[in-house]
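Shown next, in structure tokens, is the structure this report addresses.
Chain lettering (A, B, C and D) follows the sequence in which the chains are written, and residue indices restart at 1 in each chain.
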Amino acid sequence: MIDLTLESARIIVATALETARTRGLKPLAVVVYDDRGSLKCVQVEDGASLRRAEIAMGKANGALALGLGSRAIHARAEAQPYFVAAVSHVVGAAALVPVPGGVLIRAADGRLLGAVGISGDTSDNDEICALAGIEAAGLVPETGA
Amino acid sequence: MIDLTLESARIIVATALETARTRGLKPLAVVVYDDRGSLKCVQVEDGASLRRAEIAMGKANGALALGLGSRAIHARAEAQPYFVAAVSHVVGAAALVPVPGGVLIRAADGRLLGAVGISGDTSDNDEICALAGIEAAGLVPETGA
Amino acid sequence: MIDLTLESARIIVATALETARTRGLKPLAVVVYDDRGSLKCVQVEDGASLRRAEIAMGKANGALALGLGSRAIHARAEAQPYFVAAVSHVVGAAALVPVPGGVLIRAADGRLLGAVGISGDTSDNDEICALAGIEAAGLVPETGA
Amino acid sequence: MIDLTLESARIIVATALETARTRGLKPLAVVVYDDRGSLKCVQVEDGASLRRAEIAMGKANGALALGLGSRAIHARAEAQPYFVAAVSHVVGAAALVPVPGGVLIRAADGRLLGAVGISGDTSDNDEICALAGIEAAGLVPETGA
């Protein structure tokens, strides 16, 4: 009940991409993880560059690794870049991309369900699409703002 | 036109999962890559184990790395396990999972478009779902049989 | 037809090295990748230092990963060094070297064909040789300027 | 004088590829390293699969790592697969692919100059092309037979 379902993840991805198309953004990669850090759903639009999905994964993985939306990790990177570099190293291949666009997904009661990562346009636009997706699924986003 | 579109990748994933549900298979992870080894589409069903998506990725990545459906890589692993272990190491994090269920996607003219990887049930059943998906998209599967 | 051929890659490398010799530059490493991030052609001049080829690879791989000439990635590194460090980590062994000299190769119609990476002299000189090579092959360079 | 020159490396690669075309082999990746393990020259034919160059690199790197042609490493892998797996791990990303086609390059006086790695056809055919290349450059191959 309280876990992130594939059905919810599909709604998040579909709405994020509709939002991107409505706004005329560049081609996006959208990834959704559950709270275990397991992939649930990914879609990458035609024309995205070679490693765009991995960057989106890094935003979402970083958010899960630290329990913070990637906007908060971005602030930490500005203040203490060595901390973020070290955490990247610790978490290994999953990595951590410390800019906005990695958004935690919470249930209405605050329980952590997973994270969305988006990359392709500006970090702020990536985050707007993540918010639209999470809200369309009736869930609560946490950007780290 | 000859590249793998997100639209085709969505059809592949949706049909693979419908096939799994019709047959009552265990929860699957289905991943689709384009010919660059860039992710296009992933869906992981509720109840799949923690790293099921990564196993599916390894099947598809291995197929692309060697240009062989993973059933052929499976045969090579039986004959020369050290070769397959070494190639896993060479391709790095993308790895290589040498059992059936990593199927190359070709256009009608033979051009390589990408690969599907599926994991969750038996390797043979995983492969059946990959075939159904690729055929539903009007494309040509290559299992390595 | 629209993919990067080995014949084009050879012209790019040969012309880049001729340009370097005409200008009296230091020994260069020149690498060419196709749009999948697969190596097509490499030549490293006598006297180049131990890991010069890997630096050239990092310039070209970074350009492909982000879809930007490495001069643009250089600007991003100046503004957000933690972002570039993080993407390096995400792309793994292929890495990313964020200074000029990683130049995207496009067809006349704008389609991405691959990337050149050059290292050995100043970044600006490395880039000049990449431009000369790409233009000699009748293709269109994108430096990120 | 006794180091491997780019000129020699070019002759090795060109002759290896001519040999492959004369024999009608599958598309090859040919890589040449100097004795420091620095890349000198790479060419990958059109139609090669995504990670073929990395497999060729693994053959040549393994030969240099152990000072043995990869045919000898292959024999060791048959006898002690755990030894070869462990060495792969020790040498890291450069890896080691323990099948024929990684051939040491020696000067007439026996001094080690570098290694060639070839992948794309059968391991035996890959090795034949490496031998042809090294001999065309007036150098001495060591296959590990």
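As a working rule, a contact is a pair of C-beta atoms (placed from the backbone, for glycine too) under 8 Å apart; a residue touches a chain by one contact, two chains touch by 3 or more.
A quick note: this is a predicted structure, and the numbers were derived from the prediction, not measured.
Where the sister copies subunit C and subunit D meet, the same residue numbers recur on both sides for over half of the interface positions. Once the centre of each chain is set as its mean CA position, subunit B and subunit D turn out to be 30 Å apart. Distance between subunit A and subunit D, defined via averaged C-alpha coordinates, is recorded as 43 Å. Centre to centre, using the average C-alpha position, subunit C and subunit D are separated by 25 Å.
In subunit D, the positions touching at least two other chains are 48, 50-52, 93. Checking each pair of chains for touch leaves A-B, A-C, B-C, B-D, C-D.
Of all the residues in subunit B, the ones that touch subunit C in their complex are 35-37, 92-93. By the touch criterion given at the top, residues 48-52, 54-55, 57-58, 62, 77-78, 81, 84-85, 88-89, 93, 95-99 of subunit D touch subunit B in their complex. Interface residues of subunit B facing subunit D in the complex, by the touch rule stated above, are 35-37, 64-68, 80-83, 85-87, 89-92.
Touching subunit D in their complex are the following residues of subunit C: 3, 5-6, 9-10, 29, 31, 36, 38-46, 48, 50-53, 93.
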